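Once you scroll down, you'll see the structures, which are given as structure tokens.
The same chain A turns up in both complexes below, where it pairs with chain B and then with chain C.
Entry: the complex of A and B
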């Protein structure tokens, strides 16, 4: 027992360091006065951040990713919620198959999915653009949204639906006034996860991208140029802090929601 | 009276292989407090859910206020339900929960406010209207559920074991409350419960169900005094049984030969033929212990045990044939209590009118 108590905290500390050290290093180097990413640190500068804000291409790529992310997470949340409702609340033939089909994209290597989508889009004669990236991302974001919303629906009191009908409500009235308000926290969580999935996805994007790059594709292209790299580091730091903030915000929202 | 509020004619409900409700006929009068009583799995909840419109009969016809409603879904029926777990909308305030049905109908806000306030006053929940269900006690949630249903002024109010989740004391209070409400609003209540005491206390009439069938429909007193079957007798109250062969059925009193015990008289004799074997039931409180003037029926036995239950004493008495009878005797103080002890021989007696003939 005693040894277990000693090992667990140490193991936990090790994990935390392993997870957060790279992020910390990233943050450090974004303020480092020098293009070489190596210790010792040279001095404090905000040059990279200023350069980043002046870099039109980089900002455009960030905006592209944000636009795709918002679109993807909205579509994936709506579709995922509907699928989750069907899965949890109704019995229908082929239900297991439906669940498998909905979740499988997570298990297929993205490289293969990317190639498949590339072939599909050219076969259908669809010009590659941010729209095709979005379509690809919706495919891989849906499993997350389905599972997140379904987990909330499992705990949903079935009588609430009957109570709504009993009081004269139609299915759509029940959806709007009872179900959606109650699963809204899960839908928000699903939206945020889908956004993250889309925002930093590189493999599928690189296969389905048109002329306008998303942020990961753009960053990958910049890695080759050593003098521009610190700007990428600065951008990565901003993205990291923002997404951390977003997660914290989501948690606070959800807590406020349950208290209400 | 314009005919029954709810009418089930030969209604059956089958779930796959299971016949949950088996060809039942029920007619619930307008303004009646009608209970469906039975053990779990007897089909009472399925029956209620068919009246509500959540389930549809496999066979038979269902009418509400004379209109056929057999296949009409719940949201197009003029009935409302109070659920066992209340099923209040957790994200809505008390006010909005109660207003739900009226908002669905698209009523004007001023009318809704008025009727919601009226309904909340009726269940004595004024001043709670801004709270969320989670901030209410079980009894208060129960009242909200009642108000939410009654505010729609349904033709029939359905209640699915609504007091099951409450503690004993609150349950008693709510029983009277429900009865008062029902008298006030004059709406037909169909009340499902497995609690015989609840049903006996509140109902105008009770339907006893078992295995998907309706065994008997009667008022409380008749059900208790004249159960038609052994199951009903056992389910409602405590019963003592003897098995007897009809030896003389002249006039209003029947004589039965009970092996190992002797002759037992029953009044009225009931629709049986001489020579046939039947069950005879005697309620524990109708039996007298060592009475100075034994009635027409008297048997000897030995006291197995005496059990103190407060206002009454229960004696378990073994008859000569081995049958154990339960006798409920009023607690008349310490002296009377010690007069009869375990192991003592006693004489039990009862009137012919206390003997009921029941079928198996």
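Entry: the complex of A and C
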């Protein structure tokens, strides 16, 4: 019986070490003074980080991803919130169908959605660009934003709404002063999740991308070139730390409102 | 009347976006899969619907066996990821006191670093001159004939399990948390051993969470084509790689559409089969963090 208590923590520790090891290997090679990604290490250098900062293409790709991510998460959060309010607060014909359509993008392999969108865009003769990538990402971000905001709304006390109306609030007043403040933390959490989904997404982007690459598309293209690769690894390390910060922020926000 | 207007104002924007960018593209893919070829452009009229692409995929050649391989690998990855993550989720749900959220966060962080980078990390690790072999060589543990771990299906499986492991812990953990503790007390009072309680109470009650996790891994894995490119090599190619090639170079979109749809149908059959235990709530938990 005592052994059970020891085995589980040991297993947990083992698994966590295993999960972090590959990331540490990446980090290690981003400071290694050599292009070969193998041991023994050659020495410490920050050249790759300096090279990264001087690599215009790479920075442009990072900026593209950030722009797409901000646009996607904003649009998806607004649309997801509207859908969530409709789903939780109102009855309407075809509600189940609507919910299914809103959640299904999560259940379709991105590869399939990617080629379907490729067919659509080429049929409509839309030039592929960051906009088409954004459109694709909005579709897969909506299920996340709908579900996150809806789960907050489900706990929403209906009496608050009635009280607001009884006290003479108009619908728009109720929206501005009661509903939105209540779901704002969920909306922010949804925004952050949508951003990370978009920022990291490769499969949809690779089918809908135009000339300007997003960061994952750019990184994928660089894998072949061994001599430039440590720069990419350096950038990846930076991105890893940044997205870690965002996730921790999102978690803190979620926890803050679940505690209330 | 007013409430009716509000309803439409709420529903129309997300509804239109989902219709235009999700329903329509999938329908267009269905139509494309019945076209003999793409001559005359996407809106060409007068072509005869054909089942030839479906016959191509089902009738023979390597397509269907490859789909079976993809499905088998996806099942394997999803199963192993769930099995490996379950004890950790159990540990976090039942055995940890105050530091649960810290330990949980620690577990999930790798999942939020780039998927592509984590795959590339394994390419670096498993390569013949890669980190693992060169490290072993550095220590004098292997000679020059060390096995090349990269470029095989096993490498794909290992990489994908690594990629999904932190993610599956979440829904399983949430499912375990939902179990009414008094049931466990009751089973203990009735004389069940710890193991019996686990097998007869905890495990069955945690299945909705496990199945949600399983599905959320299976779906992306069955269509996976990136990991096979990076760590699988030519021998590690999967069904998704064929689809990607058919579309990527514009070789044969109708055939690619038929292949994609067959895979989609397979995925939906699996989801329907699991629909009873797979609740939307579990999916919410799978995505919320």
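As a convention for this text, the second predicted complex is superposed on the first by the 247 of 260 C-alpha atoms of A that agree within 3 Å, B and C clash if a C-alpha of one lies under 4 Å from a C-alpha of the other, contacts with A are read in each partner's own complex, and residues count from 1 in each chain.
Just so we're on the same page, a residue touches a chain if its C-beta (ideal position, glycine included) is under 8 Å from a C-beta of that chain, and two chains touch if they have at least 3 such contacts.
Source: prediction; values computed, not measured.
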Fit-or-clash call for chain B and chain C when the two complexes are aligned on chain A: fit
Partner chain(s) touched by A:60 [first = chain B, second = chain C, both, neither]: neither
Touching partner for A:15 - first (chain B), second (chain C), both, neither: second
Chain B versus chain C as contact partner of A:131, first or second or both or neither: neither
Included angle at chain A between vectors to chain C and chain B, based on C-alpha centres and rounded to the nearest 10 degrees: 100
Per-residue touch tally on chain A - higher for chain B or for chain C: C
Partner chain in contact with A:163 - chain B first, chain C second, else both or neither: first
Partner chain in contact with A:182 - chain B first, chain C second, else both or neither: first
Partner chain(s) touched by A:173 [first = chain B, second = chain C, both, neither]: first
Three-chain overlay, closest Cα atoms of chain B and chain C, distance in Å: 10
Doubly contacted chain A residues - partners chain C and chain B: none
Sites on chain C touched by chain A in the complex: 2-3, 6-7, 9-11, 13-15, 17-19, 21-26, 28-29, 32, 41-43, 84, 87-88, 90-92, 95, 101, 103, 105-110, 112-118, 120-125, 127, 129-131, 133-135, 137-138, 162, 165-166, 194, 215, 219-220, 222-226, 230, 240, 243-244, 247, 253, 256-257, 260-261, 263-264, 267-268, 271, 280, 283-284, 287-289
In the complex, chain A residues that touch chain B: 157, 159-160, 162-170, 173, 177-178, 181-182, 260
Touch list for chain B against partner chain A, complex: 52-54, 73-76, 79-81, 83, 85, 87-91, 100-101, 104-105, 132, 148-149, 152
Interfacial residue positions of chain A with respect to chain C in the complex: 1, 4-5, 8-9, 11-12, 15-16, 18-20, 22-23, 25-26, 29, 36-40, 78-80, 82-83, 85-86, 90, 92, 98-99, 101-113, 115-120, 122-123, 135-136, 138-139, 142-144, 146-148, 150-151, 171, 193, 196, 200, 202-203, 207, 216, 219-220, 223, 236, 239-240, 243-244, 246-248, 250-251, 254-255
